[in-house]
Amino acid sequence: MTHLPDPGPQPGVHDLGYARLDTDRLERTGDAEVVYGAGKTPAQVVELLRTLHATHPDRAVLATRLTPEAQQVVGAELPEAVVDPVGRTAMLGTPPPARGTVAVVAAGTSDAPVAAEAATTLQVFGAGVDLITDVGVAGLHRLLGVRERLAVADCLIVVAGMEGALPSVVGGLVGVPLVAVPTSVGYGASFGGLAALLAMLNSCAPGVTVVNIDNGFGAAVFAARVARRAAPAEVKSP
Amino acid sequence: MTHLPDPGPQPGVHDLGYARLDTDRLERTGDAEVVYGAGKTPAQVVELLRTLHATHPDRAVLATRLTPEAQQVVGAELPEAVVDPVGRTAMLGTPPPARGTVAVVAAGTSDAPVAAEAATTLQVFGAGVDLITDVGVAGLHRLLGVRERLAVADCLIVVAGMEGALPSVVGGLVGVPLVAVPTSVGYGASFGGLAALLAMLNSCAPGVTVVNIDNGFGAAVFAARVARRAAPAEVKSP
Amino acid sequence: MTHLPDPGPQPGVHDLGYARLDTDRLERTGDAEVVYGAGKTPAQVVELLRTLHATHPDRAVLATRLTPEAQQVVGAELPEAVVDPVGRTAMLGTPPPARGTVAVVAAGTSDAPVAAEAATTLQVFGAGVDLITDVGVAGLHRLLGVRERLAVADCLIVVAGMEGALPSVVGGLVGVPLVAVPTSVGYGASFGGLAALLAMLNSCAPGVTVVNIDNGFGAAVFAARVARRAAPAEVKSP
Amino acid sequence: MTHLPDPGPQPGVHDLGYARLDTDRLERTGDAEVVYGAGKTPAQVVELLRTLHATHPDRAVLATRLTPEAQQVVGAELPEAVVDPVGRTAMLGTPPPARGTVAVVAAGTSDAPVAAEAATTLQVFGAGVDLITDVGVAGLHRLLGVRERLAVADCLIVVAGMEGALPSVVGGLVGVPLVAVPTSVGYGASFGGLAALLAMLNSCAPGVTVVNIDNGFGAAVFAARVARRAAPAEVKSP
Amino acid sequence: MTHLPDPGPQPGVHDLGYARLDTDRLERTGDAEVVYGAGKTPAQVVELLRTLHATHPDRAVLATRLTPEAQQVVGAELPEAVVDPVGRTAMLGTPPPARGTVAVVAAGTSDAPVAAEAATTLQVFGAGVDLITDVGVAGLHRLLGVRERLAVADCLIVVAGMEGALPSVVGGLVGVPLVAVPTSVGYGASFGGLAALLAMLNSCAPGVTVVNIDNGFGAAVFAARVARRAAPAEVKSP
Amino acid sequence: MTHLPDPGPQPGVHDLGYARLDTDRLERTGDAEVVYGAGKTPAQVVELLRTLHATHPDRAVLATRLTPEAQQVVGAELPEAVVDPVGRTAMLGTPPPARGTVAVVAAGTSDAPVAAEAATTLQVFGAGVDLITDVGVAGLHRLLGVRERLAVADCLIVVAGMEGALPSVVGGLVGVPLVAVPTSVGYGASFGGLAALLAMLNSCAPGVTVVNIDNGFGAAVFAARVARRAAPAEVKSP
Amino acid sequence: MTHLPDPGPQPGVHDLGYARLDTDRLERTGDAEVVYGAGKTPAQVVELLRTLHATHPDRAVLATRLTPEAQQVVGAELPEAVVDPVGRTAMLGTPPPARGTVAVVAAGTSDAPVAAEAATTLQVFGAGVDLITDVGVAGLHRLLGVRERLAVADCLIVVAGMEGALPSVVGGLVGVPLVAVPTSVGYGASFGGLAALLAMLNSCAPGVTVVNIDNGFGAAVFAARVARRAAPAEVKSP
Amino acid sequence: MTHLPDPGPQPGVHDLGYARLDTDRLERTGDAEVVYGAGKTPAQVVELLRTLHATHPDRAVLATRLTPEAQQVVGAELPEAVVDPVGRTAMLGTPPPARGTVAVVAAGTSDAPVAAEAATTLQVFGAGVDLITDVGVAGLHRLLGVRERLAVADCLIVVAGMEGALPSVVGGLVGVPLVAVPTSVGYGASFGGLAALLAMLNSCAPGVTVVNIDNGFGAAVFAARVARRAAPAEVKSP
């Protein structure tokens, strides 16, 4: 097409044609860019992981929302990558030493993919993980049995679909900062996670914040930042 | 207006001009008609209560959703009526002996009007009431402290606004039939009770049913029918 | 992943790795856990059914929302299971003696899967079933012809899609406790069952409660509890 | 303001400054323009009624949605006008002889204003009216008692709020063309009439059409056109 | 299953196991039942068409919403049936003589399936059809060129997707009763036809009524009843 | 409160305590800031107008969405201001010479306030105005009569409520850039202007853009920029 | 079918059976009709492109929303056509000389298809294009680096999904007319682009207008008209 | 009423009749209960503040959402309370020493009440506050001028109405944990803050979490917990 000429490369940008990596983001925000796999071909995911890894060789880099096909290609092309089929993620490089601990709490087995995405993201972003699953509110004994683990965490990620009640109950048990993740688990009047999202936004427990439906990644980025600040001491992140 | 002539009175119908009472309903369903006060003048409420009472002199009759003005006029014109300013109801006549018990459980103080409407309706429809308030999920110790009262009831009415989580937690504690009532308590993304309604419809606790937002009356009619069946024994309803 | 160590097994929980069964639920609520088949592999469904059956050998256990493939595998691996392709359920073990009767009323032929799921669930949860289909409100003679069967039931489950009018009409005919189930049958402005759901929540017949769209299972759990209480006499549930 | 000059009067338009009457509409569509009172001052309503009456002296003209204040001013300034406080309408001039009959059927007493607006509009637009009120679906005997009146009408207007079930039931009883009018009667999940609107759009009875919430006027314009066509002759309505 | 025994056949009902035909409907409403093909197997469609045809041998019977596969099977098994791949319908038997004329007006080529479904339904229900396509409001000359055909019809069916403006424009041109059919044609903020549906419900042209999205069938049943009443004369419907 | 100290004034910002004026905006975008009157006291409106006028003495400044009380105070305190009670605006200072012409087209009389707000804004932002009202699509002759005025404009603002069909019809008549403004005029299923908004977003006429409901101001800012570019010639904007 | 006879060809319409081309549109609006490929077969797309090209041999004609299959068939059958797989478009014939420049600004790589559709449409409609991609608001340095290119354009098209914030930021940087295009990029609470659409409609930057979700075509038609007016001089469009 | 007897006081609960204070919350979560003023009488607010203050004499207690009348009564009855008419809050008692700093960033003047509620809550919950207002995205220079203040905070609260774009821009500038608060500022398609809420949930900047519309209180409780953990030591904020 006869478009006007592109004025050339910009600093802080790595242009791959189909994407321009924001290589400056690490310096600006302390966290590097991540490969969001939805809508990308397996070959693009591989190239983006390689490029990010080459830019930041001393940090783990992350790809999320990988299709089964992309997981297979990444596993074959980048054998050193750690691929998690549950969380649909791939991690390339060594994660930084963990600072602080985030407890990832999931209500039901169907919420496992979102919890796993959060857990891997926490590793890449330098926080420790305590994964607690299947503690839905319809069986309170399971939740009350882990109250201590919740209380000693530096931040909580609470994952739930359907009625999304778990964050309110957890938020009433402990005073730890709590990020709620609604999931699209449910049917009918769950409207793809809307019911859980609205419930979490209206939580009667003060101090609950919310991210987008199924957004385990975003919750983990936030929680890792909180946990790292809470445990700033001995460990220096690369 | 020159409308076609009305073909005359129908059996089972009492025509007051502005309303036609379904006097046959008692025989058909076992429960008499009720005065829904919204949109009616105080004078109309008084006349309707009187007419219903005259039709069924041996049963208590009920008016709901009364404005403060209507409550005052009813109290003045029908001194034998019991007016409840919290639940906005008026009861005229002696309630039947209570059969079975319904526990009415409310999450917060703002849910009190809906819980009170349910409690009075249960009396009029012949069920006993155990009223338990302020047991929101953000303070589980209050709820766990009343677990026994919940377990021995014949039916539960669980009233909650905001995130509407209480029915899921109660439904996981006991196996009693549970009717959930979302309330319009909340703001912003509660959308007038929609958040609580959706949460309750998606409850992960099996055996939870739901009524319209703020519909304490409807929940009580249903629960009274359940409780009366569960305790059919010695008492004969009039 | 380098997650914190899991603190070991909890009482009342059976951990299968991909799911933790709440084996304590029977004692707590009187009803055992059920296998919700959506999103599970056929092999997982089989294992979960076997485990639940082993835990409660004297009770029927239930799996719902089975894909055609899962139905086939369950039928092959567990030949003693009763598989219902209409309701997409499998039942393993002998159902308890029926206490009380629930009439399951469906408006149209397209509502059959939801009605069948409710009917099988009622069996597993120990209630008798009277199944009445194709009695939509556009042909009142079919409905009026079964009025007596409705009146003698201990609880009603009324299933309808499209405009969801059937519960209002049934609720005006008899005074039996009524649980309405909206279905996703319809197109265009039915919005996946939302139209029927809203209609049922706004029913002008008092004493109507509602469950989630297509939730025949939940309606049946509730109705079985009501029916068992209404007919507590001779039969002792295990 | 320094706007460009207006190019002068147009044929078929009567300019009052704050409104331009479409005086050509009668010739084009067979029906004259109507004064929609919402948002207009009482003085404007009076002037518009006078102007329309002067343009069509041999036909009744109509104003709808009049505030109580506007009704009072119209009654005082135009003593020959017929003001209906229930339907909030004013009619000025002699209505044409009625051709055909439209049965206006309303579910509850709260639907009366919409039904009354429809009834007066039918008069002005030249159709006979048979008004049938308080025949909600929760008391079928009332509805079945008027089946004959429904069957002999040339068109039906069925008005209902809450769950909006009445059109489906009526549409299954008779084969007369049926226009359904949802009303904003209800609360909570009725969402201002949305529940009734959706229900009517999804009616399982074929041959039901729908107008906007509370739009008794629009339903009547349509129904009058149908009724006049069905009874084109010399006109016999009472 | 051990369900209660079915109390036997009902009058006016033909039970096929998977469906119960309302054979009484013709007498009650003047129109016979129709086979709604969505969700039915080709074999079921064929059997239902045969059964309806046997019940009413002197009337055409109709099946709608047929999948391509069902269309093929019907064409092979019932060679005398008229199958329309555009409207996805099949008609079996001779349609009654046409009484009156309904103009079916469609805005764009994508609206053709809905218009064709309406046209065939009109034939089966005994009305004449004048089909006018591709007269969208963005090219008014096409619409103004057919104004006379619109004015002489007994009823109009106006089909449009996207912004749904066509009914308002047509409704301002002529005074014929007008049924608007929103279609799901569009993308993005059309929300599956919701935009067109809302537009039509809010039409500024008085006398517009609306049916469900894509419901060409329902509009035609209604319009045929109007047209037959407007032209009752010489033809006797069977 | 003991908040951190504010770091002092910023360039390009005029701090009034309750508001900080972006005095740099004129240089950045060519248009000065405007006083949005909603939620401001009359005294604040007066002070903001005075301050803006002092900053840009050679340009007219504008206040919008003024309450009747604010209009009165502005008229008294700033007698040189031009207050328009219909559009709820006040203009202080001499508007720039008009470059180009924008035709403001409104469907009904109820849309007048939005059209007037747009007209005054156009003046302040330096464009000529041709105001054309009451040309709704239900009376096409009124619209076709002004086709020439539409064709010679440099930009069109088309204002409509209810079904919002006018932009589609106008967009099919002429090829002038067209900004559509939905208004909140309507009731019931107009949902506060949502119906018109969705219709306009789905216009079948290419080249239609849309602004927020009732946003005559925003449409005018945009249109003035288009018109000034189309007529850049003799006039130099200050 | 026995439909009434079609009254023959209309002037300004080219009838292909499955579509009627509005060949008069060029004269009326200055822009020719375009082939909207959604729902059309590859063969229909080819025939429509050929017919439009034959009608306007001296202008480029355009097809949009082509499936991969249609792109392949068009490429094979019309080798002179320019097919863009990213924007899913095909252009046949020589585009007119470009008048003015439109900057197309896209937030992320996933927005590329919509931006490409806009860019090709601008060419066909006779405007120059400056394509600027991957300048999302989370990396402001990329956006600030292109501020000058934005300021010199005659019109801006700003494409963004997810939170749709880019138009507000761009609209605060420069005073160029700005058309915002929300895209369906996102998940969960983006609701298919609704979040971005609402954000853009509520932009705090004055002078932002909006088109339908993913409607790069419509934005380009509008912007080309603006750009051509802003640069009317030397170039004569064919 | 003849309700069952209340089983007496519970530990950790202070019963006032119309409310039961959760006096145990401080021990459980580290933060005391707060008086939510909406729906409470001024006298109730005063009594609740006094009771909470008596329970925790060494900590400041807080009341939010006070009506003007309640603010006046609190000011008169509790002269030692600090009443903030902008944020509608009252604080009684000495706030704890501030640990860490939270920057509260507001987009426009209309967002001031929500920002003020957050600021006061932070004080009561023991965090320092840096309040930055009027830095909307349409004037980036104002925002870029405070980048350093953002970068040194321990947590950010970003308050915005209308299109809610500010959190995305701030989240791209710094890597500090960010809580976004949508406000109900806006009109038309802002739908009471829904537009801003959805935008924030879909932010392209990773690490953004969201609370309910206008919920400055909840954001502050969360942020104070984060800030206190980040600065656990001896640090005194100004």
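A, B, C, D, E, F, G and H label the chains in the order they appear, each numbered from 1.
The definition used in the following text is that a residue touches a chain if its C-beta (ideal position, glycine included) is under 8 Å from a C-beta of that chain, and two chains touch if they have at least 3 such contacts.
What you see is a predicted model; the values in this text were computed from it and never measured.
To find the repeat of E-G among C-D, C-E or D-E, check which pair has over half of the same contact pairs by residue number; it is C-E. Although chain D and chain E carry the same sequence, what matters here is overlap: shared residue numbers make up over half of all numbers found at their interface.
With centres set at the average Cα position, the gap from chain F to chain H is 36 Å. For the pair chain A and chain B, the distance between mean C-alpha positions equals 45 Å. In this assembly, the C-alpha centroid of chain A lies 27 Å from the C-alpha centroid of chain H. Multi-chain contact residues of chain E (touching two or more other chains) are listed as 138-139, 172-173, 188-190, 194, 197, 201-202, 212.
Contacts between chains, counted with the stated touch criterion, involve the pairs A-B, A-C, A-G, A-H, B-C, B-D, B-H, C-D, C-E, D-E, D-F, E-F, E-G, F-G, F-H, G-H. Across the complex, chain A is touched by residues 84, 98, 101, 109-110, 112, 119-120, 123, 128-131, 133-134, 138-139, 141-142, 145-146, 149, 187-190 of chain G.
Against chain E, in their complex, chain D makes its touches with residues 28-31, 34, 154-155, 172-179, 197, 201-202, 206-212, 217-219, 221-222, 225-226, 229-230, 232. Interface residues of chain E facing chain F in the complex, by the touch rule stated above, are 107-108, 136-140, 144, 162-165, 168-169, 171-173, 186, 188-191, 194-196, 198-205. Within the complex formed with chain C, the chain E residues making contact are 1-4, 6-7, 10-13, 18-20, 22, 24-25, 38-39, 182, 184, 192-194, 197, 212-215.
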